[in-house]
Amino acid sequence: MDTKTLKTLLLSLKTGKTSLNEALSILKSLPYEDIDFAKLDHHRHIRSGVPEVIFAGNKKTEDIIHIANAMLEKSGRFLITKASEETYKRLNIRKAKFYPTSGIISCGDIKKKQGNILLISAGTSDIPVAEEAEVTASFLGNKTERLYDVGVAGIHRLLAHKELIKKARVIVVAAGMEGALPSVVGGLTDKPVIAVPTSVGYGTSLGGLTALFAMLNSCVPGIAVVNIDNGFGAGCLAHRINIMRRK
Amino acid sequence: MDTKTLKTLLLSLKTGKTSLNEALSILKSLPYEDIDFAKLDHHRHIRSGVPEVIFAGNKKTEDIIHIANAMLEKSGRFLITKASEETYKRLNIRKAKFYPTSGIISCGDIKKKQGNILLISAGTSDIPVAEEAEVTASFLGNKTERLYDVGVAGIHRLLAHKELIKKARVIVVAAGMEGALPSVVGGLTDKPVIAVPTSVGYGTSLGGLTALFAMLNSCVPGIAVVNIDNGFGAGCLAHRINIMRRK
Amino acid sequence: MDTKTLKTLLLSLKTGKTSLNEALSILKSLPYEDIDFAKLDHHRHIRSGVPEVIFAGNKKTEDIIHIANAMLEKSGRFLITKASEETYKRLNIRKAKFYPTSGIISCGDIKKKQGNILLISAGTSDIPVAEEAEVTASFLGNKTERLYDVGVAGIHRLLAHKELIKKARVIVVAAGMEGALPSVVGGLTDKPVIAVPTSVGYGTSLGGLTALFAMLNSCVPGIAVVNIDNGFGAGCLAHRINIMRRK
Amino acid sequence: MDTKTLKTLLLSLKTGKTSLNEALSILKSLPYEDIDFAKLDHHRHIRSGVPEVIFAGNKKTEDIIHIANAMLEKSGRFLITKASEETYKRLNIRKAKFYPTSGIISCGDIKKKQGNILLISAGTSDIPVAEEAEVTASFLGNKTERLYDVGVAGIHRLLAHKELIKKARVIVVAAGMEGALPSVVGGLTDKPVIAVPTSVGYGTSLGGLTALFAMLNSCVPGIAVVNIDNGFGAGCLAHRINIMRRK
Amino acid sequence: MDTKTLKTLLLSLKTGKTSLNEALSILKSLPYEDIDFAKLDHHRHIRSGVPEVIFAGNKKTEDIIHIANAMLEKSGRFLITKASEETYKRLNIRKAKFYPTSGIISCGDIKKKQGNILLISAGTSDIPVAEEAEVTASFLGNKTERLYDVGVAGIHRLLAHKELIKKARVIVVAAGMEGALPSVVGGLTDKPVIAVPTSVGYGTSLGGLTALFAMLNSCVPGIAVVNIDNGFGAGCLAHRINIMRRK
Amino acid sequence: MDTKTLKTLLLSLKTGKTSLNEALSILKSLPYEDIDFAKLDHHRHIRSGVPEVIFAGNKKTEDIIHIANAMLEKSGRFLITKASEETYKRLNIRKAKFYPTSGIISCGDIKKKQGNILLISAGTSDIPVAEEAEVTASFLGNKTERLYDVGVAGIHRLLAHKELIKKARVIVVAAGMEGALPSVVGGLTDKPVIAVPTSVGYGTSLGGLTALFAMLNSCVPGIAVVNIDNGFGAGCLAHRINIMRRK
Amino acid sequence: MDTKTLKTLLLSLKTGKTSLNEALSILKSLPYEDIDFAKLDHHRHIRSGVPEVIFAGNKKTEDIIHIANAMLEKSGRFLITKASEETYKRLNIRKAKFYPTSGIISCGDIKKKQGNILLISAGTSDIPVAEEAEVTASFLGNKTERLYDVGVAGIHRLLAHKELIKKARVIVVAAGMEGALPSVVGGLTDKPVIAVPTSVGYGTSLGGLTALFAMLNSCVPGIAVVNIDNGFGAGCLAHRINIMRRK
Amino acid sequence: MDTKTLKTLLLSLKTGKTSLNEALSILKSLPYEDIDFAKLDHHRHIRSGVPEVIFAGNKKTEDIIHIANAMLEKSGRFLITKASEETYKRLNIRKAKFYPTSGIISCGDIKKKQGNILLISAGTSDIPVAEEAEVTASFLGNKTERLYDVGVAGIHRLLAHKELIKKARVIVVAAGMEGALPSVVGGLTDKPVIAVPTSVGYGTSLGGLTALFAMLNSCVPGIAVVNIDNGFGAGCLAHRINIMRRK
């Protein structure tokens, strides 16, 4: 509730247009329904397009369906990550779409795209995580481009695409195993680089911890890191940065 | 070397203005001194102001002094992180400045500041890391503001400063122990939030790993994380994001 | 065996009411059947209502059934944690009840409830663990209330329920991922807060270790922590604290 | 701001006793300066006696002195944990007291003690941590008793003191190495038991992690665990539980 | 080849009983077929009865069957650990026996038993590991006794069986969770105590690492520890110690 | 592009044989299409015979089939590691071969073998990993020999085969559990020894980390170590070393 | 208190020789002062010669001196492990002896030695830990022999001393780095082998964890393992086993 | 002892040239003093020039001096790693040389160098480890070249030196932090690449574990990895490979 609205309410009370009880009732709900932060929170949904998201990993299918329908009714859109095709079928919402590579179910994405987020994957096995970022960023209204399978084992594959790197506003790099690609990319650009470690590998890849730690220790200053396999988080972060253009 | 310059050179060769040997010599140095990426690399220094930085942690004092002087001569500026006051004294460069809280020695910072980066610390013990980010960001030409000692144990301390949070373009949050503050801040804004875990704590703080992992697992989507105690990296990342305004 | 009883026995021996062999037999069993601690142990069952509990996680179904029936016969009640519905069906005890959300089978709970334990969960995925605490505490004769899905990503959701927090005697907070909620709750109350880390999350949530360590490093002094996903333990601890009212 | 006060304010506005601007100013500051929680926070200090505490481990001596004096001025009391005798001397506050065993500096403890908290240590090396809990609890106005060096290697040493265990309201058990003592104590009582792992040991004691994990895995349900060497936290938790008597 | 045999051979060569080529052939095989250690190795099988054992955990069923039959032919006996009933059925050897609790298949155990090894388990879930030790020790010709479900949560249960502890020559204690029982047992006897951590538990039991580390950090000096769930190894070690009686 | 070629091009431009646009086009592609490294990369495939390899572990069957067919078309050969028999059947390429022990599908191996690589396994359970190295090395054109089941528990088994060790050029040793065999082998030879830790074992074998760390800490200087279960990598490294003979 | 004594007491009460109060007093102290275990505990000190031992690692010098003098007075002997020469000098007890290699101070060792314990070290850096075991075992009245610097890098060094191995009753093997030696020794004997991991090494030796885990995973069944650098524990365990001869 | 020598001995015995006792004495020492492996071991020193090396890290200065002098007398040469200048001064051997960057003391290196080993370091802080490899390899008679400070943050720095990479026979790459450089180098060559992780970095560099794991997970097949900071081991491995040329 901004100052102006509050002033109007108080004036309205003072002049008798609003009864004491009505004013009381409105003001009592302030701390949770109407304080600036709560507003800001709603505002954030509208402005930045990050809806509440359902992480399917730890939930039963019936719960996912229940929450998704509630969101659909309230805001007309939702995003479900780490979902299976079976959940998508049981969900049975016509305008929902399933992305098999990334395991995302989305509904109600923003049609008008802007900015330019580049998604890079080191190997073909890292593509599902890169795609999770891509679908998320696209859902939130960002333009995206893809550059896949350009890992450091053949550095010339990456160097051949410098134009793509140059024209991106934000770059998301998904890499498993030794997680070296974000360092190389970060050395080639002054744009924000978001590194997403993937759980690709075995033995001492430690389920992605090795790639994660390698990225956190990048010799290139200013690399942003998110959780293992967290393509969704990378997509949101890229979105938070990309929308700064408009200001 | 961009296309235009290359064309000019070739034309100049063709017309005899430049001798074959001169052209040969210029072109031979291309792969490492003049290819686009190398240029881009130099360009980055000029444009974004991130110079080569000296991490003093693993180096002998004489080596630090040697490298700093070389940088000074080449570019007129440098930044040394995790440095001691003794190193500063032995360095003995008049226009260099020592920041005791963050242990940074800087020389030649960009005077004209822009943008608005907010530095938040959870406790008083996290201030040195927040200050490392502040000095770095300031050195690179960014405007900064500070909001220190607003940890989650007394959530009202943070809530009292919502205006600061609202007006920031990028927010850096340094927190040790349970590392919960970036999640709370991230829920209050749609701006990019950079979380810096600190090694503050003991026992199961595991030298900052607990705060790091907590931040990577934030229930707020789109939090960027950097290495433990890496205020410098956070400052660079904030800078990479902040300079996007100009485009 | 308290002093008075012992004295009576000895007197009874001295006066011939009890034979030497009878007295001998009674006294010989002292070290394990009748020393104060053993009594205390039985007493504890009666007074605090914590029966032997069956942890189904590492046991075969037939063993669980065998032990449950033995307990039922001996004390008329039991609690089985981390159980499946299939076990419940095969158990086939009429007055036993199955709680599908928490995976508990209980039999013979104390009807008359007292005190007031508040169960809080950070996300919807943490509810099963919070419910395990709830069913346990309720089984042991405690009154409970629930406050679910109030994680730190939207701090206003928690702040809206301060009355619930104020009126609780003991608070149990179940949270996975970054495990930040107990710190925020602990800063809002002077009551004992029991933090239960859950294994909700992926990647660096490390199966709940991250939430656990975050809770142990809370910047709020005086948070009690239990094992990962150990809703049962949290329920028992809340019960141990709650029953102190009567003294 | 409770309903009654708010109603009075609105009535006062309606009737003209309070001007529109005054009411506006009061209501605008609600979310952060006057909500119940902020008040509650102040109330907590008064009621439960847990002042802001200074953890000396990560701070410079001059900073500690600065903060301690600020606290002294504001509230007339403070507690500094993990402090050295040198800090105590440089602090130079007459009514402050230094506890060399636990490394605590305290000032302004509550004279009138109540309740009964029992401090148990497994070995002599665990005494400093047990003492940290003792000094903390005593400072906050609790009666305490000590039972030291009763580890499980000679179980009869503990069994000989059952009366002490029986009469305690809350029990704090500090143990390093294998951390087994809280389990044994927890099996002998129905009171809340707070286990404090210590970093005593070497090799696979892993700086106290082994004792910590052992305590979290206690086969006795309802053991509260705090961070490694966190005697202060244990003292605060014991205090939170002990003061429930008064209600 | 001992000195006497060697002397006889050389004498036999010198006197012409053995030809040069025969002696050469015998002596050339010394380094690997006949050196004392190799003999000793064979001797060990005969004397101590520890045959080659098949660990089924990492092997295919057909391989297990193949190796078991080879052993049967060579030595008339074998032991298969971590085996399933299905393997037992497919193995189809009449005199082989399957132990479902411990998952052992044995064939040809030593009938005449000696000594006295006591197997203790902390909880009922630890029994399979204790049984693995029991079956192994029994197979190797040792007398055994069992004392199960006497964990530290009710210390009187253990104390009630002091006679069993007193009369044992070697004691094996299997315990999961906090792994405290070996410390308590070790404080009650001067016999060798072999601690076997089990993977019973969840969360911070870390698959048995917590129990293992607790046992290695026992405050009782002289506890032998083996690998997690390694009942077989504990049985062999108990056997190595128990057979010392005869000397 | 070497100096001579560049000079020729420039001369050709100067003399008009090559047009300005042609020269421009050639020179612009230098950094990524024609630098020696890219060429060298292609060269590597031809010369050393290490094709792109498909790691089946993280891929869907349809993707594996797609990539394998693409490789087949491009280079006439491929290698798929950690593959199942089902994948082999669905792949349905006539000249492809499936190795069930190591889970490799190969196609187009080099017929003419050279050098001499010795594969050693500690136990029978380590054979699949040793075989993965064998199939890889053989595929790349190396002669191989096998020495399996010669672990340190019976050191004479290894000592009996010194001739095999002596005549090898490179030795690959696969061992799980305590990973001691490479140290013993490394002490018996001055040839390069490649240690491959396997995930064989349970409990504290930590999925092969224990064997890995043991090998990295070998008291024998000059042991090469590869990732856990990485028989393929060991085979490639042995190949890189073995082909040095020809130079 | 055995049955006979108890019967005598009751009879004595019945016949009036003992008054009711005397009998009451005697019986009441049973659970803690006179149960067999407490007696047994004292007995253990006398019989097995394992006195209370002072671990100096976590204690202040003044505390060590205080405890040592108390022990000296009570039992005439003590052992201090991980002690410095300075502590020895400040202790200033004439008949105490300092062992600089192992850092042990001993006083009152048993002169008459028996049995035969063999101490083996892998490298020269492991000798201090082996010596800690030697001094401990010798102090407790065991005969010892040493075999140092026979690590697996040169397996012939160990094989040259098979007679020493053959004649030992118990073998203690101290090894750091890869910890392979106990496996090799264990394969050469059927005696109990006690493996002591040492913290010798760097990097992935992880302060001895690698050697520890390697030993726990020995492919030789029946190896006893103790904590890292715990020569004292190994000496006690060897003693527990060695004294079995007398029975 | 080869067949021919053995035959001669037996013949000599048969013909009376050698007495029975002499033959017996010679043959009895076979298993340890004269078996081929022991000979091979001595041979190795002569042929490959890897002397026994002293790791100074865990040793007292007096012990180092003692061992070094013994080696000097026996073989005229030695190498001491991780040594301080103070040790060098106290050693006081004229022909010994101290390398301050790598902390090596060497004496008696092979003058005639051969082959070509390239040492690469990622950053300036990794140079000490690369130098340890260089000094070791040089000491053993290998030619070396250096390429320092060419980390992946500026990939053009490495690409500019492709000629050096092309002409090397073996390449050692020392890198800390994210450890990415060996992957990039390994993709540019078909020569054996030896990766040495260094402990350079802080926070999640985990003392070099991150670099180590990254290297073990290299997406380039056939990278050899050694222990953290183990420049010496890398030098020995490079030597083992480099000397293969001569065969």
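A, B, C, D, E, F, G and H label the chains in the order they appear, each numbered from 1.
To be clear about the criterion, a residue touches a chain if its C-beta (ideal position, glycine included) is under 8 Å from a C-beta of that chain, and two chains touch if they have at least 3 such contacts.
On a predicted model such as this, the values are computed, not experimentally measured, just so you know.
J.: Which chain has its C-alpha centre farthest away from the C-alpha centre of chain F?
T.: Ranked by distance of C-alpha centres from chain F, the top chain is D.
J.: Approximately how many whole Å separate the CA-defined centres of chain F and chain G?
T.: 49
J.: Averaging only over C-alpha atoms, locate the centres of chain D and chain H and give their separation in whole Å.
T.: 55
J.: So the centre of each chain is just the mean of its C-alpha atoms; given that, what is the distance between chain B and chain D in Å?
T.: 39
J.: Note the residues in chain H that touch 2 or more other chains, in rising order.
T.: 31, 35-37, 41, 154-155, 159, 176, 187-188, 201, 203-205, 209, 212, 216-217, 227-228, 230
J.: For each chain, which other chains does it touch, given as pairs?
T.: Inter-chain contacts occur between A-B, A-C, A-D, A-F, A-H, B-C, B-D, B-F, B-H, C-D, C-E, C-G, D-E, D-G, E-F, E-G, E-H, F-G, F-H, G-H.
J.: If we count contacts the way the header does, which residues on chain A are in touch with chain C in the complex?
T.: 31-33, 35, 37-38, 41, 55, 57-59, 63, 67, 82, 197, 199, 207-209, 212, 227-230
J.: Using the touch definition up top, name the residues of chain F that touch chain G in the complex.
T.: Result: residues 122-123, 151-155, 159, 176-180, 183-184, 186-188, 201, 203-206, 209-220 of chain F touch chain G.
J.: Flag every residue of chain G that touches chain C in the complex, lowest number first.
T.: So the residues of chain G in touch with chain C come to 3, 6-7, 10-11, 13-14, 20, 23-24, 27-28, 30-31, 35.
J.: Mind listing the chain H positions that touch chain F in their complex?
T.: 36-37, 40-41, 44, 47-48, 50, 53, 159, 162, 166, 169, 187-194, 212, 216-217, 221-228, 230, 232-233, 236-237, 239-241, 243-245, 247
J.: Where on chain G is chain H touching in the complex?
T.: Counting only chain G, the residues touching chain H are 124-125, 154-156, 159-160, 176, 200-205.
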